[in-house]
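Note that subunit A is present in both complexes that follow, paired respectively with subunit B and with subunit C.
This part shows the complex of A and B:
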């Protein structure tokens, strides 16, 4: 027995691109179902929205840099959708976070100017839209930084972070706080849950306050609450009487989980449906139209029929695209053609790990509306798109948000056109 | 002994683990106790050191509650919960299974003993001295939400009922919770199905073996589930669907028995697995086809909805939410806390009761904050835990539909 359900649109993938597309579709009046094999990259990413950080020199003002950037990179997702399509997606994202389940928690910034924020190892990273809890880390400020480590959080190296911040020209030092969490080690999520608790924060501040020097701002690993990060962060600033900011951690990422929680709440509020665990195996077609996707549910498969499909399955890292041992790469669900594959004889990889890796630009071939070229009704968003090297450009979350939003708009416009006709 | 090849297949999934920690974010147990190091450590990481047939001393895996949220969250398809179930089995093989676990894993035995003497049995379950004694002697926590015997059996009602005998044939798998503790829920399931044009058959059936499986008694669990599959297979063979309201037991039939007990080759189970539906899954599909009756009368009530872990393991989302949204007047508040903590028999155990209560605390707080007077939830043991943790009544979503149909 195979189950069968009908929706206006099915989105495959529950990362930022998939959730953004699904929310926009649901808010536009479509009945939407999101299918995902598991939780996506939100839980691993730092939670900042990096739109354009390097071209390859560091970008101060993304809005000003984007026109030239897309001119130089005509195959880039930003070039396909046009730089003007980015800002509306960022605005909506910020609004979803503000209306989300974390009271008072908001993002700050935009395309005018990049924040320059320290990473987990203290390298300076440009980012357009960032959680309010991170903004005070901007490297343009010369206010000395005290990076606070905690012995229970073994994966956060305060002295390494402080050393690299110093190298960027900002006075910085590291301190370590001993705090009892009832176990010998905790990850950032375990600590974030503790920081939701006011009495825990009070005890933490009691220890930390003794270690701080006048005039320092405080850098903490991004563990300031999961349910109430705004409350936790404000409370720490008030108690310490100084600026406090979060520094991204190794996974799991508390700010990333806040993004996931807020976007899933927005999807739910808009009437969209989310099915986790259901791996999409293949599709049903009629000519160039995909009429449904077959998902593996327990016991029997389920066909989710839909007029529109948004593919937000990610690139090589997420399994949206595969590279075989015969060097043949393919999109995994529909077997869609890829673009950007190095030709036989051309270099596929370069020796510089963080350099321009030719394979990085491989993605599903789409037209300027992000429609997969071989199909009538499949749209592609996020890391499955070709033409970008996100880790070099500092563009991953920006591409996910902007193309997720754009793909949904494209579907809604055609749906609207179909309705009028 | 677990078939080596089968175990190797399960193990091969651990090579897909990229140590991303997403499973850690989903685990309700590791969140509240250091006794369980989390699904990543206990699963794909520790598994590399568990050479088959070699001694391994690790009691921490016994603290995994088997909720399965790690497997569902994993973006790489690693069978984390299933690997941990095997590791738990190996520990129990070596250390032995306590009498308590053998007892609470057999709802049929308990039900048959308790039902005829329900008033006395229920009084004992309520009496403090008896519970203290049971805790000392058996290790069943004195405050654990042990259900009360209904004093009658669902099958007695089923045998006596006058089936209309018209409509699409469907088989009702009611499970032990309905049989001994909540026969009224079973009656409502039958009424809702009949209202929607089904001719409901209720064949002879017994426990699905899930409690035995989760207590590491794999051999006994296999006997139970294979016997149940044999009883249901003749119906499945002619294309009839099997529907159940005990969502963890339908999941056992659909997937867990095959994946954890290594019964992929059992033809009866394979057939039954494909034909089995959770009741809300079935009704949503009926609604999708425009065949669900929507003659719902208003139910003016604020209801909190919790999708239990085992329901989530069906990988079908939350169909109950969409069904309850059809009822006029019903104000449903979806809760996003993951787990109530009970995990079948886990929270009954002396050494695990507090862990289960701590794991459920977030859910209990959300119920409190929701303003709901009633909590809807698809699993019976979870409902008992929710009632225990929130002091509010907890019902199966089907009971609310039944109420709205005014049947």
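This part shows the complex of A and C:
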């Protein structure tokens, strides 16, 4: 049995790009439904907003570097939407987090200057906008660092992290705290839930405080709470009497889940709807308009009719684009044409892992308003767009936020124009 | 300069060299084994893992078939713990010459390869993914063999009997005085230090590199033509039985289920350089198509990685050489350079199959003993390797079984291959290694579907935390690992494996940013 629902806009994909677009649409007065097969890249990403980290040398000041960057990369999403479109999206994101369900949790920074934060191996990674819980890790500070590991967490290794922070010129050492979580291994999610609990934090501090030296700041894996990260982090800083910062590590990502929780709350607050577990089967079309999306949800199919579609299904990593064993690539929902594919006979990948990979920049062909070229009413946002290598540029969340916001604006403008016409 | 002396110096740490060291040590000889890389990183570590029944050679090369059939039974006994008793099938697909099947059955009878014809319907019940168009099916005792486990069991067995095993020691000169070879100079690849090994007899078990070693001893005409073949590992066992096409051996006609994966092989392209690991995309694409012929839908599965190995195909180019090339090209060749070249104290053993490593070692050490004038009997066909004493085959579910018993006792570091933390720490200790790639071979670390996406960071961190390596070495190890892994990954990146590779890129280049480690 197929039921049928009507919206102004349907967004497919629940990563940062999809949620950002949906929130903007809902706040702009549109009736919005987000369809997603499952949760997206938020749960894998470090939770920082990286706008431009490498070009390929390290970027200290994204705002200053962007004009030249888009000049050199005319196919890049930033070039399509213009660098000026980034800041408003970041501002809205920061506001959504602050108004979100995690009291007091906020982001800090912006386009003027990248934070330089240690990763779990201790590499120094540039990020524009970061959770307040990470900011004290900035490598520009020479305050000694004590990196704290927990044996139970196999996804974070304090000694290696500290070793590389030292190599970056900051005094650093590692300690390990034995904590009892009732089992031999836990992942970041399990530990983050523990850190929401005040008595757990008190016991943790009881063990850690003895190991610290005066004047050290404390680096912990990014597990400081899920429900109330601001509370957990502030409590640890207060109890330890010093700066504490989180270091993102292997998935699942607690800071990424906080982003997801905050953005979903913002979507609901603006009147939008989210349907998870919705696998898109096909679409209905009238000419070059897509008029509905048929999705399979919990045992039945539903057609979601909409005037506008925002495609935020991601690239190869998320399954928004696939490469078949016949080496043909396709956009998986609408079969939209792709841009940036190597021609037949050309190399798809090359043997040098850190070298140029021809397939890296493949994405859906769009016009300068992010509208998919062969459709009238489908807009594309995020990693489905061509022309970027976000994991190397350090631009993933920046592209997601800015293009999600931009695509929604484009829809709202046309909706407004239609309403006044 | 540091010096070692021994009765026998073995050059080459593949299955043959380790087999020679084990055999000689069992006979009470004092042995030094040198290998330029880690053990089993040449041809032995770069094959599909097939323990031959002999069926593949039943028509083309009866003597090789007979040897394989005999050694199959011996290896199953002495190295049971390294062997999975998968059994094998030869199936006539619609792409094969239907007349071959009867020749195959007759060849098996003649060469002693146990072979039973079964109904195609029964073969399809046992292996439901097989091409339903098969017209004939024959059951043979093929198996799969975990080569690193085998070679290390041989080496450790030899060590227990006094042998000195030196991986990462490359021969830089063979010492020859007059008509006598009396050892070699080797260089430690990690420290650069050189070492002289003096030996009454030197055995070159260097496979495809045998010509290079012989030339160092001033011996001409030992020509080993490397035949390069590619193999592709698929993310799970599409079949649980070794599947061969019932035809004369050709490209892409065998699928071997081994551990958690299955491997399709292989090609045979002549090359001049045994270290040539070029992967040609057209060969990869053709191999995947070959997979479709045996298992329809093969290409829908995830291809994990592709690699190449070189077969040592021996050809004696010495004028009036004592050896008849027609006999040795397909089977193995043992050259006694006293007979062949008037040079005493030097033997070359090359060619052959992994399945016949033990027989090759036996013949070699027999000849060595003869030259030393001290005949001692070979006991390797009766003496089980450590871990194989109970004669129980390895089963693919063993790791899971052990894990289930100790689920709450230890962390799982590599989820794909079910490797717990204590096992990694123990291996680091006994092996005395801090090399991620050494650990990969010993434990199958990072060889599963995610290709090290999670475990390699974890193990680098564990090694560093144990003070096993300093930070620059940990960084170099991590970066080398992801680079090396990529070399086998990129030619087969499509479908869900591309998705997996992207996740790995996000982890290593994005979240961890290993490229920008200082």
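List of remarks:
Simple rule for what comes next: the second predicted complex is superposed on the first by the 421 of 421 C-alpha atoms of A that agree within 3 Å, B and C clash if a C-alpha of one lies under 4 Å from a C-alpha of the other, contacts with A are read in each partner's own complex, and residues count from 1 in each chain.
Rule of thumb we're sticking to: a residue touches a chain if its C-beta (ideal position, glycine included) is under 8 Å from a C-beta of that chain, and two chains touch if they have at least 3 such contacts.
Keep in mind the model is a prediction, meaning the values are calculated, not measured.
Overlay on subunit A: subunit B and subunit C fit together in the combined arrangement. When the two complexes are overlaid on their common chain A, residue A:354 makes contact with subunit C while staying clear of subunit B. Of the two partner chains, subunit B is the only one touched by A:274; subunit C is not. Applying the stated contact rule after C-alpha superposition, one finds that A:297 touches subunit B and leaves subunit C untouched. Once the two complexes are overlaid on the shared chain, A:46 sits against subunit C while remaining clear of subunit B.
In the superposition on chain A, A:164 makes contact with subunit C only, not with subunit B.
Look at A:55: by the touch rule set out above, it reaches neither subunit B nor subunit C. Once both structures are fitted onto chain A, a short way to say it is that subunit B and subunit C open up an angle of 90° at subunit A, using Cα centres and rounding to the nearest 10.
With both structures placed on the common chain, the touch criterion links A:6 to subunit B but leaves subunit C unconnected. Subunit A has more of its residues touched by C than by the other of subunit B and subunit C. Applying the stated contact rule after C-alpha superposition, one finds that A:76 touches neither subunit B nor subunit C. Residue contacts after overlaying the shared chain place A:183 against subunit B and subunit C alike. Superposition on chain A leaves subunit B and subunit C with their closest Cα atoms 5 Å from each other.
Within subunit A, the residues touched by subunit B in the first complex and by subunit C in the second are 44, 183-184, 251, 318-319. Taken together, the subunit A residues at the contact with subunit C in this complex read 44-46, 54, 58, 119-125, 149, 152, 154-160, 163-164, 166-168, 174, 176, 183-185, 248-251, 253, 315-319, 322-327, 347-354, 357, 359, 390-392, 394, 396. For subunit A in complex with subunit B, the residues that touch the partner chain are 1, 3-6, 33, 36-40, 43-44, 101, 182-184, 187, 189-190, 193, 251-252, 257, 261, 264-265, 268, 273-279, 295-300, 302, 318-319. The part of subunit C that touches subunit A in the complex is made up of residues 281, 288, 299-300, 408-413, 421, 454, 457-458, 460-462, 464-465, 470-472, 474-475, 478, 482-483, 485-487, 490-491, 493-495, 498-499, 502-503, 505-507, 509-518. Those residues of subunit B lying in contact with subunit A across their complex are 20-22, 24-26, 31, 34, 71-77, 239, 241, 251, 253-255, 273-277, 281, 284-285, 288-289, 312-318, 322, 334, 336.
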